[in-house]
Each structure stands twice: as C-alpha cells, then as structure tokens.
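Working notes, structure below.
We call the chains A, B, C and D, going by the order they appear; numbering starts again at 1 in every chain.
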Amino acid sequence: MAPMELIIELILMPLVAFVVGMMMVLMMRRIAAKLQRRIGPPFFQPLYDIVKLHSKRTQVSHGLIHDIGIVMAMGGYIAAETLLPVPGMTGIAEKGGIITLLYLMMIPSLGLALGVGQCANPNGSIGIARALTAMLAYDIPLVIVIFGVAYAAGTTNLVDIIAVQQAGGFETWGAVQMPVLAIAGLIAMHASLGKQPFEIYIAPAEIATGPMVEMSGKYLGGLFVMQCFQLYTTSVLYVSLFLGGGTTWFDFLLKSFLVLAIPVSIAYLFPRYRTEDLLRLMWKWPVMLGLIGVAFVL
Amino acid sequence: MTLTPLDELFLYSGITVLVALLLGRRLPAGWMVTILYGIQLLALMKMAPLGYGGEPISSALTFEVMGQSLSWRFDALSWYFALITLGSALLSSWYACGEWEQRFRQSGGNLWLFHLAMTLNVFSMLILLASGDLLSLFIGWELVSWAGFLLMAMAGGVATKAAMRYITYAMAGAMAIFGGIALVYVSAGSLQYEAILTAASQMSTAHLWMLVILFGAGFGIKMGLMPFHLWQAPAYAETPGPGSAFLGAISSRMGLFAILLVLVKLFGIVNIDSLKIPFTLIDARDLLAWIAVFTIIFPTFTAMKQNDARQLLAWHGIGQGGYMLLGLVVADAMGAAGGLLHVFNHATYQAALFMAVTAVIHRTGTADLNKLGGLVVRMPLTFMVLLVGIIGLAGLPPMNGFVSKWLVYRSLLNEGMPLLFVAAVIGTLGTILSVYKLIHNIFLGQLRVEHDNVKEAPWSMMIPMLILTAIIFITGLLPGIPLAWVASVQQAVGLPVPDYTLGGVESASGSLDMIWVIGVLFAGFGIGALIFYFAGGRSKRVHQLDNYAGGHFLTADVRYQYSDNFYAGLMHLIGGWYRGSFLWLEQSVKSLVEFLSLGMQGLYRRANAEFYLLSTALFVIAWVVI
Amino acid sequence: MSDLIVLPLVLPLFGAFLLPIVMRTSISIGAWIGPAILAYGCWILGDQWMSGTALPFSLAIGGFAPPMGINLYIDSLALLFAFAVQLLGLLFWPFKIDQETARRQALMLLLVAASTGLALSGDLFNLYVFYELVAVATFGLIAASGSSAAYASTIRYLILSGIGSVLTLLGIALIYSQTGTLNLAHLAQLAPEQLNNKLGLTAFLTILIGVGVKAELFPVNTWAPEVYATAASRVSAFLAGLVSKLALLIILRLLVLIFHQPEAVQVMLVLGILGVITGELAAWRAKDVRRMLAFSSIGQLGMIFIALAIPEQGGLLAVLALTFHHLLIKSGLFMLADGWGGAIEKLRGAAKRSPLAAAIFVLFSLSLIGMPPLPGFWAKFTLITQLAAQTSPLYLIGLTVFLLATVIEAAYLFRLAALLYGPAAEDTPIDTIPKPAGLSLATASLFGIGLLAAALFITPVGDLLSHVAGQAANADLYINTVFAGTGGSQ
Amino acid sequence: MNSINKIPVIEEKRTNPLARVFDEFVRFCRSRSLFILHYCTGCGAIELPPAMTSRFDMERLGIQPMVSPRQADILLITGYVSIKTLKRVILTYEQMGSPKYVIGICSCTVNGGMYWQSYATAKKLDEYMPVDLYIAGCMPRPEAVLAGLQKLMDRIHSGEANSWEDYFRNYDYYLGNQQKLFGENWQTPTDIITEAKHYDLIGEGTLGKHTQILEQHQKPLEALDMRLGHDLKEPTE
C-alpha cells in the first residue's frame, strides 16, 4: 500500500466514524422519542450540542489529568477506528488484529476514568467504579464471543474474518454460521453501550450522571464525541464479526444502523438494573450462550 | 585456573556481599553496593552473546562431594533471568540510596542488614540461575529461600510473622523438591542434566507423575501458585520499600525459572502432556494450565479487596505469575514467548509500582488507600510512574505488559482453549479494576489537608523510577528487543520460537506490530489534544472544593472522596464468594499439626514409661513368635 | 604402638578411682588430673589415626585369643567414636570447683572410660558391661546437678534404664544359649546358621529395645524430655550428643555383623518413623528450650534409625553422617541452652543481649534443617537418596515422614530464632534477658567453628566418612581381622 | 439598596466576515442546544414534566434536562426561594459554565408571590443573580414555559442574552445583596473574582467594598496546581 494512501485512510477512517457516529446518536435519540411518542431532536442536534459545548466561554478544569483524560477518551477511539476495517479501507487493521482493537477500545474509558478521578467528586468516582464493574460484566461474554469468531475464522485479523464471511455470501455470515454466538454478542454489545437497562454508571437520579458530573463545556463535548465513536465502533465491530462487514458503503451502513437499532429500541423500554443484577445477568445468559456457541465452533 | 566470564560475575557478586558485610554500616555503602551491582551487570553484559543464541558458558568452579559433582554454567535461560535479577537489584539499590536510606535509618531500620540481605539475595539467585545440575540447583534454591527470608524478616513485627509463614511454605516446597531430586537420582543414577534428559523419556507414568507433582509443588510454592499462594503477599508487602520492589520483581520468578528448567527442559512438556488423569479429559499439562489460571484469577480478585497499596501490588504479583506459567504450559511458540516475556515485563512494572508506592509512603507515611488521595498535584512524576506501571500491569497498550499478554492470549486462541482464554481475560479485567482503585485512591480525588505540603519524591528515588518507566515504555514500543532474548531462551529449553520483529510478532493468523499500534494511538491522542485544546474555549483550573455536591458547600474539613469499599456493587454479588477457603485450609493444616502435637506431648508426658517398654517388648516378641 | 590404645580406656578408669583421693589432699593437682588424662587420651587416639597403622586391627586382652578371650576391635569407626568420647569429655569437663566437683569429675572420667570401652569392645558381654557402666555414670551425673526435679527424673530414667538392661541381658542370654559365644566376630561367623531364626530375631529385638532406651528409640524414650530439661546442660549435651550415639553403635555393630533378618530392619524402620513423627510434632508445641531440643533430638534419632534400616553401605554412610552431625549440633545447642533454659518466651530479644549466641543458634538450626552447603544438608541428602532407592513402600513412607518432619523442624526452630531476633518484651530490661554463660558459649562457638570447617572441607569429610562406613559395613573384614589379627599380635 | 446600571451588553460583531459567520453559527448552535438544570424549589416544578414529555416535547427544540450545574446552560428556578435554598441556588449558578441563563418560573421568583410576608423567603431573585427571563404565573402552564424558552432561544441567537456577564462585571452588587441576606461571612467555594480575571470579564462593578469584605475572610481557593515541590520549604512536623 502506498504510504500516501495509507495516510489518507488513517485520516478518513476516524472522520467517517465521527460523522456516522453522530448520525447514530441522532438515530438513538429519535428512536427514544418515537418510543415515547415524541417528535425528537432535529437532524443536526448532535452537532449543535457538540459545537455549543466546545464554545462555552468558561470551562472548569480540575487539573491536567482532567484534561488528559478527555484527550485520551477521544484519542483512544480515534486510534481504534484505524483498526476497524470499513468498505474500501483497512487502515492498519492487519497490524493489530481484534485483540488489540479490543484493548484499544478500553483506553478511552480508562482515560476517562483518570480524568474523572481528578475531579475529586465522589459521584464521578462511584460512576467509574460502576463503569469498570460493568466492563467486567459485559467483557466476559464479549471475549467468549470474540474467541469463538476468531477461532472459527482461524485468525485474529479482522480483515480476514470479514473476508471469510464474505466468501460465500449470506450463508457464510457469522450470524448464520454461529447464531448462538451472535445472540450472545448482541447482549454483550448492548451492555457495552451503557444504555438502559445497563446504564448503572450514569444513573442520573442516583449519582448525578456519574463520570460526567464535573464535566462542563468542552469536557462534556469531548464525551459527546466519544459517544459518537463508541456507538460507531460497537456496531461496526458487531457487523464485522457477524454480518460479514460491508461490501459497499450502503449495505455496510445499513447493517450498522440496523444492528444498533436493536439494543437502542430495547433500551428505552426498561428501567435500570442494579449493579449486581447486571453482573448476574451478564455472567449467566450471554456467557452460557457464548460457551454453547463456542462449543459448536470447536 | 582461568576465570571465565561467569566466574568473574560470581567474583563481583561475592565482593558485593563482602562489601555489604564489612562496610555496610557506613553511609556510602548504598552507593558502593549500587556501583558494584552495575559492575556485575557489566560482567553479565560480557556474556551478552548468550542472549542471542550463544554457547553456554561454564564456570571453572566444580566440586566433587560425596560422589556428586557440582558444576555451574550459564545459558540463555540463566542469562535472561540474571539480567532481570541484576537490573532490578541495581535499580532497587539505587533507589534505596540517599534519602530513603537516611529515613530508614532514622526510623530505626538496620541498613547494614538491608544491604547485606539484598546482596545475599542477588548472589544466591545468581548461583541458582547458574546451576549446572540438580544438586547445585537445590543448593541455589535453598540459598535463595533463606536469603529471601532474611530480607523479608528484617523489618520485624508483622514482617517477621509473614516471613515465618514464608519460610514454612518454602521449606515444604524445598522438601518436595528434595524428595523429587532423590527420586530422580534413583531413576537416572545421576543428577546431571544430560542423564536426566535421557532418563526422562523412559520413566514410568507413575514415576513421572510423582516427579511432576513434587517439583511442580516445590517450585510452585515459590511462585505462589494456588493453593500455595497465601504466604507471598504479606511477605513481600512488609519488606522494606526497595526490598519489596526487588522481591516483587524477581524473587518468585525463580520458581518459574526452575519450572522451566526442570519440567519444561528436562522432563519435556510433551512427556508431561502424556500424563492423563484417569476418568477425566484432562492431563497433567491441563492441570498446570488450570492452576495457572486460578492463580491469575483468585489473587487478582483478592488484590482488589486490599486497602494497603503494597498488599494490593503483592497480590497482583502472584496473579501475574499465573500468566507466565499459563503461557509456558501452552508451550507453543507464541505462548511460551509471552510467558517468558512477561517475566521481564512484570519485573519492570512491578518494581516501578513498588517504588512509586514506597515514594508515597516516604512522603506521606502511609500506604493505606483510605488515607490518601489527590496526590497527583503534589507528586506528579510519581503519579506518572505509577500510571505507566499500572498500564503495564493491566496489560494495556502502549506499555510492555500488553505485548506479553497479547502473546499469551494469541496462543490460547490458536490452540483453541476458550475457557482458559476467558479466565485469563477475567484476570486482566480484575487487574484493571484493582489498579484503578490503586491509582484513584492514592493520586486522584481529593487532596487531604495534611498532605498539602507534600513534596515530590527526591531525585535519588525518582531517577530509578524514571528509568524503569522508560524501559516499560520502550519495550512496549519495541518488544523485539526483549523478544530476541526470549527467543534464545526458548531455543535453549527446546521450545518453538515465534517469528518476531522489532515491533512485535509476525504470524499468518494475525500479527502484532506495536510500532504501528502505538504510533496510531499517539497520533489519536495528538488529534484529540488538538481538538481539545484548540477547538474549545479556555478552561480555568478550580480548587477541588469548587465541586458539585448537590448544592452543598464543601469545606476543607469535609472528606469528599470515595475510597472505601470501592467496588461496592461488584462486592454485593461476589463479596460472598470470598470465603477464605485457602486460609481455612491453611488454618486447618496448622490446627491439625497443633492437635497432633498436643497428642504427642501427652504421649511423652505420661509417666508410665516402663509400661511402654514392657508392652513394646512383649508386642515385638509376640510378633516374632507368631 | 597399637597396644597403647588401651590407655584411653584404662587411664580414665584409674583416674576416676584416684580422683576423690587426690582431691582431698590437693584440689589444685586434682583439678588437673582429669583434663590431663583426657587430653592424653585424645592425643593417643589422634596419633593412632595419624600414624597410619593399618586399620582395622584387633587386640586381645589377657592373652587369650578370641573367641575364648576378650578382645578390642579397633577400626576407624571405633576410633572415631573413642576420639569423640575423649574430646567431648574434655569439652564438657565440669571445671567448676566446689564440693561436688570431685564426685562429678570422677563420674565424668568413669563415663569417658566406659564410653571408650563401649566403642572399642569386640565382645558382646563387654559391650553390655561398659553400657551398664555408662548408665551408672550418667545417673550419677544427672543426679549431681542437685535439683529435686533432677532427682525425680533420674529415678524414672534409672528404672527405665534398669528394665532396659534386663531386656538387653535377656537378649544376650538368648544369643549365648543358642551359640555359646559372645565374641562378636565369632557370632558373625555363626550367625547365618544359628541366629537366622525366630530366636535370633527375638534376641535382637530385646536388645534393640533395651539399648533403645539410651538411643532414644520410640517408644522407650519418654525419659528424655524430662531428663534433658532438668539435668545440667553439660550433662544433657553429653547424653544427647554422645551417649545416645554409643547405644546406636551397639545396634549398628549387631546389625552389620549378626542380624540380617529383614524383619529386624523393618521393626527398626517403623519405630524410627514413629520416633520422627512423635518427636518433631511434640517439639512443635514445646514451650521450653531444652524440652524442645530434647524432642528434636528424639526426632533426629528417629531419622538415624530410619537410616540404620537401610541394609547397605550407603545407609551406613547416612547413619554416620547423621550421627556425627547430630552429635556436633545437639551438643552445641545444649551448650547454648545452658543459659537459655526455661520458657521460650523469656528469650524475646535475646539476640541483642548476646548476638553471638543467637548467631550460633541460627547456624546450628540451619544445619539441622539441612540448609546447603552446611554439613546437615549432605547428611540428609545421603539419607534421602538411599531411602528413595529402596523398593519397599515402607521406605517411601519413611522418606515422606522425614521430609515433612524437616518442615516442622524448620518451623519451630525458626520460630525461636525469630523470637531471639525480635524486639524484647516491653517490661523486660535488656540485661535481664537470659544469656549463655561464657564457658558454654565458648564451647558452643567451638562446635560452630567445627561445623563451618566441616562445611568448608566437606569433600574430605565426606570421603572420610565413606571410608569409615565402608570399613564398618564389611562383616568379613571384621571376622578376618579378629581371627587373623589376634594371631599376629601374639 | 445598591443601584446598578444594568445596561444590556450587546456582543460586539467581529469585522472579519468569516469570523462573523462563525460567530453566527456558534450563537445558533448555542440557541439550539440548551441543557437545563431545574432547581425545583417549589410547586412550579410540576409543570416541567409535561413540557418535556410527549405532549410538548422540549427536545425538538434541542432542550434537554441535565443533572449537574457543570453541564447545564439554563438554571430553572421553579418557585419560591427560601433563604436557605438561595445559598444553594447561588452556588449552583456560580458553578455553571458561561454562557449561562437563569429563568425564574412562577410569581414567587419575581416578587415572592404568596410568600411575600414570609421572613424566610428571598423575594426578588434578580437581586442575587442576573435573571434572563421570568415566566410569571402561579403556576405558568407548560405552554408558557415553552414560550419562555423559545423567547430565550431567540435572545441567545440574537446575542442579547448575556446577563451572565453581568454577574461578573457587577459582582460587587450581587455579593452585597448576598452579604446583606446571609451575613458578612458569606462565601461560596467558587471564586468569581479570579474567574472574571481569567476570562477578562472584569468590569467596573466587579470589585468594590463588598468584595473587600469577602477578601478579608475568604479562605484561599487557588487551584491546586501541579508542582514538583522541590522549592517548597520543609513541611512543619
């Protein structure tokens, strides 16, 4: 690959992710509105929010680590996007593979955790403690699923995993080959989004939005950007693992939005679990399904 | 007699011990010892070809005792471990010089004993690493155990208790090994490695089982493998600061070294694989792998519950040992490389972490996670060291811990071991939770009023920490450097070698190139920083009391910090699972011994000795006649 | 030259009778007689060793050739024991001058004479006689320490020992009734035909149990903790260190020369294992230093019995190594206990009061546990390789027990060491912590130096012991030496 | 009562046309994305849920409820403000990031309403903080609330809604009123004066005799800056 081409890809991939991510945020809010018989926000609402937050005149910082935390939260995802192949662009997906991607996806949350920590607000700290607990809950089924997929494909290289699925059309899709794993993956993915009923670490009425409690202006704006990336990454990862990635941008985006629509639609119908219930749920059903799925694969 | 480079190393090491012994009471002793460690390291560097596939170097020193010949030699394996040993000794000792030393002395510590114990540890470890036959291995093993005991026990009080517990475990381990050696001697007729190598392939299954259990348990105790892990955390945590950095970095890895040498190299992982456990699907190797995995999980989650920073780190030290063993037991090219590489990586970040925590103790006088907080503004460099260290410990990019864990995961994936894989990931997740608690409760959150005047750690402590930090990052960026050594170790013990590059590993089924990963990550951070600093308004730093508290007015005397019972929600669910079963097991063994002891004393206290005598005589004669 | 070998046996005997008389006239002369005799004995034996006289040789006493007459059999083992007896006698010499001195010094000389005789004797009856003499002397010595507790324990020991002697005598009588001789060499010749039966076994076992009283064989060793805890440390040191080993020597000779039945060995193995278990476990909870040492000594002797049960030269080597190691260590430890007697708790912080004593204690403990490269390790190494080579599962049990016992041993010894080095109890000023007396400490240091020297020169020491073991294990050599040797010396 | 000259400050238009477009865009975004923090002091709070939910749906205007003052743009005071509550309201206001807007809902915030005679109620909210908009009524219906919000959006878009600057520029006045009510020891953990200095929002009325009183007893609130600390003097032990 020509270096210039690579550089363009590396720039484009996060950019695309951001734009698509904003649309996903919009979709999420629209779905929520529809479920609640509301009209919902206008099309550019995510953009308005981000611009407004960045343009705040006074912004409160609790110190350098607070700043760095936001930088890491955004930067980690920007880096992670380059490992996530999209139609026509593979970036450096072959140099890292899915395990690296999984780890890179943890960096933003941990960067955020650092930043929140320095805010010296116990609400934030409790939020982080819960977020990490939630991570412990959903990552276990998630890695089982990823193990199953990677083992079935015989590689950890996402490009190859996608290629394997695209080789035989619809029949070779991960979701068709490994339906049990796909279901487990969907549940884990839903939990990893941190939406209801799994939003234990935001819990506005209880811990005042947890990690975001001391975030003002561009700090909150950074988190909004991060949320765009998060939605994008999660759904695209799922599409890449189970739905054969995308051959064209159209079906790629269609799949991504559809996949995301499932958990989002469920989310706004439920209240919140308690932490231990989330753990219990995650360690029971998706893990069980995942293990059954892996047993099929082996 | 000409001195080989190995002899020179021994000589310098011996001189170091002597210097510590004779001059240890004078203040510059720390510096002298540090310089001497440096010289030892240089002597080790003379043997650097070993790290790149060179021929083993023998010592001119050999003994012939009671029909046994004792010899010492260095190969790639020894060299690799010696490098880590000397490196961590050098940096820990350097760290101890200067202010730490003065404080230690003022608070009544015995500096002479400290230096002596350190030098003895290093010396005995070198002897162990150089062992050329099983007997010299055992001699080195015992020396290491007792030298470690000295270092652990020297602080007195709780430390001595912990050290006593350690030495009881260690003796049990040593005796298992001793028994194993006797069995090997009987079947191989010699304790030379070559003889054992040939004998190993012809051993009966029962015999091999026995040996695997004896040696596995013996070496496993030193490594802190489940269920023999209880001694380690208290013992390491209570050792004086730099000592715990040193012990945490390398001491229990001696167990891994011995496992590598005896179980992997001499008995051969293939032979172990052939040991099936009847009526189950698993064999001895699976058993080891599962022990490794439990060693990852349980201590890690125990660490999460600790409220003392040093205890927390020490418990993690046990857990990380599990990854090393797991990688080695999988024993394919990547797994073994991962396990071995983790030894190096673990040493670097564990030493850095212990040093950082010691620096905090040095400045604040406590390691209690409920009594600290917010120190990042007062000790930013120490914070950075700790941060880099915990990223390594948790095995996240861009630090070196990620590479070794990646290799282990990769091998589990390749070999199709889903449960082990998941268990290993659970360990990593637990580690992340636990280390966040560590860094949060010390450095983040609210700064306590009494810590308002705390200063950054002195440079004498800072520089070794920064060096370690640099090593952690550089070997994360360029894992090819240590992987070259690891590859020659793998060759030396007869394991397959992965196809490594400067930036990681090449493999048809998924490669890793850390240069790219880190490059992209930092580019991402750069872009994030650009957006953050240039696309948004100016921010203003505010005081920590200017904080959301539901409208409440915060004042300096109000502690507004979340530290205790940090993962309350998680503990709601799993809190009940901490049964202390192993503690219970340990206690019951102890109680059993106590009980038996009571009985035996009763036996001897009985006055009717004549009755014993006559009845025994009658019994024996009756036995003969009948 | 070789006839001089009788002197270390005869002179102390004379000295013992003369001493009380001389003491009445001049204490200053009397005080020197004992040490002089012992030093001379050491010199003769040492000279014998050095001069390179062909060993072994036999010496007929009274002009009658064996098997009719009685003879001394001097091989390197006997010489080593005799030398050790004289040397230890010198080291533990009751130098203190008081009213009891004469009696104690006489008893000591008597003990040395009897012990030397025991080591050198080549005749079963003589062995018995000397053995009895040793017993008498020890009763006296223990009782001489004067405390009422000591009297009580002596009585118990006396009775037990007496019954033991009767049993031994019974065994000897059985042998005599079967073979009509008590000369060891002659017995060795006759044994394969006449004693390889139930009667022979019975004889051996009765002797084993009888002699076992002194050798601290389980279960006839219950006197040991009591006696060691109450007798003067020097006496305890001599008893635990040497006398028990002399009893072992008798058993060793009998085993090598006469009794080859596997049952004999088995009984010993079982009793040895039980001894190790009971001794070490009892020591775990001991609250008194000397009692702890006594229990430990029981355990150690159990180990030696396990080693004795290995019917090969290697086993004998292990026996010798363990025996001499234990002799060195236990004597030294009892010397330390001289000042440290009583409750363990009182020793908190004793290292500050007497660093040397604490250091020596740690050294001895390490060697006792078998920490390489100290001699204890090599002794244990020899034993376990021999044990592992045996096919019978009983030996493997022995091996396991041995290893476990070592762990327990390490635990209780180092519990004490940690106590020594720990901080002193708050209400005790540092100078009230007990401390070993100067002389005892010096003696203990001497043993410590000896131990270190042995560690340093482990190769020659090992060779020496193998040589000794080789000689002692060779029954044919014994027979040939006695019957040919007597002819030669006439 | 202190008097101040409340001159509405019109934001100066920049000359660079691109910058003007940018400013216009930013103002538009600000007006279309409003996060409200509803400080539900009284009965008016009951009118907010209908305004948010399906009947009136605030979100279509880009208005969302938020939880902590840091995140919010609008502070909604929905009823009478007792003196005790007022302290919290002021702290909450000061912790919000500018530009920030205050809306007083219900008559109580305008003049004390039915609590006019209460000794414990602050009658006029705008004596203690600049209020952008009052929505009078007891209680105003959701339509009125939405109409008020739309009015605010228009003002934001046109750049008129900048009374938040007034708080910085006339801090002395507001502080004076606060001191009068709460006593001279009144201090919040926020530091408005340095904030005004930091953002160049110092006006003639920022400092005065009331801030002098404040500075006399104020506990220092400088941010805890990172420092290596080697130049510090030895801590006293």
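Definition applied: a contact is a pair of C-beta atoms (placed from the backbone, for glycine too) under 8 Å apart; a residue touches a chain by one contact, two chains touch by 3 or more.
On a predicted model such as this, the values are computed, not experimentally measured, just so you know.
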item: A-B against B-C, pair bridged by the larger set of C-beta contacts; value: A-B
item: Where chain A and chain B are represented by their mean Cα positions, the distance between them in whole Å; value: 35
item: For chain C paired with chain D, centre-to-centre distance based on mean C-alpha positions, whole Å; value: 96
item: Computed distance of Cα centres, chain C from chain A, in Å; value: 79
item: Chain B and chain C, separation of their C-alpha mean positions in angstrom; value: 45
item: Per-residue overlap in chain B, given as positions that touch at least 2 other chains; value: 374, 376-377, 380, 447, 538, 540-542, 544, 546-548
item: Residue numbers of chain C (touch at least two other chains); value: none
item: Residues of chain D touching at least two other chains; value: 68, 70, 95, 195, 199, 223-226
item: Touching pairs among all chains present in the structure; value: A-B, A-D, B-C, B-D
item: For the chain B and chain D complex, residues of the former touching the latter; value: 374, 376-381, 447, 453-456, 538, 540-548, 551-556
item: Contact footprint of chain B on chain A as seen in their complex; value: 10, 14, 53-65, 67, 70-80, 82-83, 92, 94-100, 103-104, 106-107, 110, 113-114, 117-123, 125-126, 128-130, 132-133, 135-136, 139-140, 143-144, 147-148, 150-151, 154-157, 160, 200, 208, 213-214, 217-219, 221-222, 225, 274-276, 279-280, 291, 294, 298
item: Residues of chain C that touch chain B when the two form their complex; value: 156, 159-160, 163-164, 167, 198, 201-202, 205-206, 209, 213, 219-220, 222-223, 225, 263, 267, 277-279, 281-282, 284-286, 295, 317, 366, 369-373, 377-378, 380-382, 384-385, 387-389, 399-400, 403-404, 406-408, 410-411, 414-415, 418, 421-423, 458-459, 462, 466
item: Residues on chain B engaged by chain A in the complex (per definition of touch); value: 373-374, 376-377, 380, 383, 387, 395-397, 402, 406, 409-410, 413, 416, 418, 421-422, 425-426, 429-430, 432-433, 436-437, 439-440, 443-447, 508-513, 516-517, 520-529, 531-533, 535-542, 544, 546-550, 560-563, 566-570, 572-574
item: In the complex, chain D residues that touch chain A; value: 25-26, 28-30, 32-33, 53-54, 57, 59-60, 62, 66-68, 70-71, 73, 95-99, 195, 199, 223-226
